[in-house]
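You will see two complexes here that share subunit A, one where it goes with subunit B and one where it goes with subunit C.
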Partner chain A sequence: MRITQGQFSFLPPLTDDQIKTQVKWALDHGWAVSVEYTDDPHPRNTYWEMYGHPMFDLRDPAGVMQEIVECRQAFPTHYIRVMAFDSSKGWETPRMSFIVNRPDNEPGFRLERQAVEGRSLRYTMTSYAVDRPEGDRY
Partner chain B sequence: MTQQVDVKARYTPGVIPYKQMGYWEPDYEVKDTDVIAVFRITPQLGVDPEEAAAAVAGESSTATWTVVWTDRLTNCELYRAKAFRVDPVPNNPAQFFAYIAYDLELFEPGSIANLTASIIGNVFGFKAVKALRLEDMRMPVAYLKTFSGPPTGIVVERERLDKFGRPLLGATTKPKLGLSGRNYGRVVYEALRGGLDFVKDDENINSQSFMHWRDRFLYCMEAVSRASAATGEVKGHYLNVTAGTMEEMYERAEFAKELGSVIIMIDLVIGYTAIQSMANWARKNDMILHLHRAGHGTYTRQKSHGVAFRVIAKWMRMAGVDHIHAGTVVGKLEGDPHMIRGIYDTCRETYTPQNLETGLFFDQDWASLNKVMPVASGGIHAGQMHQLLTYLGEDTVLQFGGGTIGHPQGIAAGAQANRVALEAMVLARNEGRDIWHEGPEILNQAARWCTPLRQALDVWKDITFNYESTDTPDFVVQESVSA
Partner chain C sequence: MSTAQPYVDENGVDTQDERRITLECDGVRHVLDKVNRELVGLAPVKARIGQIAALLMVDRARRELGLTTEPPTLHMSFTGNPGTGKTTMALRMAEILHELSYVRSSHVISVTRDDLVGQYIGHTAPKTKEVIKRAMGGVLFIDEAYYLYRPENERDYGQEAIEILLQAMESDRDDLVVIVAGYKDRMERFFQSNPGLHSRIAHHLEFPNYSADELLTVGDLLLEEQGYHFTEAGRKAFADYLERRMQQPHFSNARSVRNALDRFRLRQAMRLVEQGGSLSAEELTAIDAQEVLASTVFSKESESLPHLPSR
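Presenting the complex of A and B:
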């Protein structure tokens, strides 16, 4: 399977030039870009590890690209996403999120159903990868 | 401020013109705390515009048809609405825009029912006007602060769904009526697995003989959960809880919550009070509340009589819904581009300045009420993606019902075509490309590697709905009246 979180997961993997152009869009809007990684891609796993803080004072896309390249070298088989944080009034929330690195093999999720009263079901979704310890999953 | 009234003449028993009863005050200084309404009035022959405006002010506040001495037991100057300005409607000598101010004291805090009982109560059947339309309202911040507003709002909805930087994608299950619960869930599963974020019940899917509501909820949540596991994304289905009584709606909403749905849905026809109650329920239960505007066309569409949809959108932002159907511009349903812009701004902005071109008559500060996500639904398809993104922006749900389910290679292929078209267009926009002009080429490029998109573009390439809009702006450049 292919996890389709993020803005551009239905497109072919973005080239570094394409990533840089998207980062420029964020910086042009005054958003702070950050790089995050994880090996637990459950959709409710909100807090991926931060590869450093959001780069509030960095205005050069090339600098962000450097961080992405370093993060990829450190975590070549993790999911890595680029996020853009908007601090302006009325937003104060992420405005962009897209995946820039993913493992070659994505085993996906197991869906468990617990039958309860009235034909209802309780659903639990678990990544097959998290059966192994953190850092040893992909 | 208020004009001097000759008390003896004013309260002599009998019938006197509304103007003389104190409902016309051209010198009135509007207060920041006043509610202001602007009506399009078509007076009966022989009724002058100022008298018609005064009559509308009177009938939507304190007046009755004759003089009553009991007015004098009250601080009646305060409770009288004041018509303070009448403008001719450009190119239409039979109609006038009348501006009327209402003191904040006239309204119960936090009640759309109370507001509308005054503003669109008896007055719309009043004989002295041939036709009457509520064009716009200015809500004072002091009054907005008595409403809780959208329970979730755009910002929190996106955070909960973990979806940023692109419009959301939806579809309405078709056919509207007749599918069994099992068959219905199939459509939901295919569309979500294929790439949509949401699927939606239609407005008239409630609990009919072919599909009981519990069955629908169970099968839909199976579909949502399966699709979520297949994609690693948060997915949702708007479970329509509209029913005959509040008790029944609460029961359905509770069941949706128990099953783990992120969103429920109501229809506008349940009424303002029921909407506010469901908004409270949604706020208490961390639920996104989707509103289908079923029924609005009966009173919003004709320019001469009724209530403009931008006013309904304002009321709904106050009442507290998270999604509202707000027009597509390019689809099958009514929508002039400028008017749709005004409605989208009303839903999404924290402050909307007066803009007569988009139908906004007043500066409006939205205080801290959450933003409502506008939903574009009805006759739209992947080939229009550049137009949709340009007209409607990023914070919207684009709903492709026929444009997903009608795909020649099936529902999942239709969903994939829409998602690829959307992501390709957002990518191109962010790269600085001129998507309005280059849109078709951008879609064709993506269709080279995405066969379902190629098929979608081929099937619907020439489908447009170019009819003249009935609700269009009438304006001349003039000064703002809201200080």
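Presenting the complex of A and C:
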């Protein structure tokens, strides 16, 4: 099951040129771009690990691309996303976030039903991948 | 081209290739004109910049016809005394390279040793890489680059920064143009101890000192920019001032001229305030001989006065 988080996730995977164009757009707006990775695809897992520092004062996407390539080499089967943070007053939040790398095989999620008092049920979602410990999930 | 027997001469060049291309040089010519207008003197540098621009234009045309594949090495070194226009030329160079689309934007990141070299082990590499990332797509200008290498301290992290730079200069040639600048003699020693750097830099430009006449023109231009001008006597006195100032230590060409003009303006303002009464526009804009002659350069004991190095 292909997970869909952030922008463009219903589209086919972005090519490097397309990523470059998106990053350029973020840089032209003065947003700080950063690269993050994780192997826990749960939608509520919002805080991913940072790969390097957020890159401030960049003018050209080449530096970001270098970082993405390095991160892909280090974590070839992790989810990797690119974030663009807008620090201007009133926003102070990520303005863009899209996945640039994902594992080949995404096993998806299972629905767990927990029977609690009075015949009611509690539903929760668990990724099959997180059954294994961090680092060997994909 | 599609004939069964292609016409190829002994060098492997297709003599029947009839494709033609026009050199596009309007944008570049515009920048070169600007260089000519803004920077006084520097004839050898301007000639060299013109040559480089011509080479790049031809190279681009060749590339469009599929005759070259290797991108040219564009890293440069600017050597010369302080105040000879190295930084200004680097800005213009970025514009020229941008016009010819050898860099994607015309921004110049100007750094010195502090921005590249860290303070403790493991600090230098990320710092240098961050600067390189910031400069990508444009020009990285390293002022006083010889400070990067400190042979007297073998634990110095400068060497590490140089190695990372070398790597970036080689592998990111499409994304980054590096210009190193500094005083001539120190840069030569710097290159001697870093032959790898020397060989990766294609263009070594030497900035000559300004002559007294050129400095006088620089002075006129700078005053004009600020809405002032010399009186007849003032200009004569300034020529005299330059003669003397050039003999003194720590003379830094155009920068010294600019500092001197700032002092003249201070003295002129003081004179006008003391004079009081109503002032004409002419009085407000004229720098007279007395402002120039009040300089310590003209006093006999000027030798004994401590001169602060004005870089």
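We take it that the second predicted complex is superposed on the first by the 131 of 138 C-alpha atoms of A that agree within 3 Å, B and C clash if a C-alpha of one lies under 4 Å from a C-alpha of the other, contacts with A are read in each partner's own complex, and residues count from 1 in each chain.
Heads up, the rule we're going with is that a contact is a pair of C-beta atoms (placed from the backbone, for glycine too) under 8 Å apart; a residue touches a chain by one contact, two chains touch by 3 or more.
Note that the coordinates shown come from a computational prediction; the quantities given were computed from them, not determined experimentally.
Q: Once the two structures are overlaid on subunit A, check if subunit B and subunit C clash or fit side by side.
A: On the shared subunit A, the partners fit.
Q: Mind working out whether A:21 is in touch with subunit B, subunit C, both or neither, as first, second, both or neither?
A: A:21 contacts subunit B only, not subunit C.
Q: Does subunit A have more residues touched by subunit B or by subunit C?
A: Of subunit B and subunit C, more residues of subunit A lie in contact with B.
Q: If you stack the two complexes on chain A, which partner ends up touching A:77: first (subunit B), second (subunit C), both, or neither?
A: Neither partner.
Q: Quick check on the superposed pair: does A:123 touch subunit B, subunit C, both, or neither? Answer first, second, both or neither.
A: It touches subunit B, and subunit C stays clear.
Q: Given Cα centres, how many degrees, to the nearest 10, is the angle at subunit A formed with subunit B and subunit C?
A: 100
Q: In the overlaid three-chain picture, which partner chain does A:93 touch, first (subunit B) or second (subunit C), both, or neither?
A: In the superposed model, A:93 contacts subunit B only, not subunit C.
Q: Looking at A:105, would you say it contacts subunit B, subunit C, both, or neither? Reply first, second, both or neither.
A: neither
Q: Working from the superposed arrangement, determine the closest approach of subunit B to subunit C, counting only CA atoms, in whole Å.
A: 16
Q: Which residues form the common part of the subunit A surface touched by subunit B and by subunit C?
A: none
Q: Could you please specify the touching residues of subunit C with respect to subunit A in the complex?
A: 104-105, 107, 126, 130, 132-134, 136-138, 172, 175-176
Q: Under the stated contact criterion, what part of subunit A meets subunit B in this complex?
A: Touching subunit B from subunit A are residues 1, 3-5, 7-12, 14, 18, 21-22, 25, 41-44, 46, 83-84, 89-98, 108-111, 118-123, 125.
Q: With touch defined as at the start, can you tell me which subunit A residues reach subunit C in the complex?
A: Counting only subunit A, the residues touching subunit C are 52-53, 55, 57-64, 66-67.
Q: Contact residues on subunit B for subunit A in the complex?
A: 155, 158-159, 162-166, 195, 214, 218, 221-222, 225-226, 228-234, 258-260, 350, 371, 416, 419-420, 423-424, 426-427, 430-432, 446, 449
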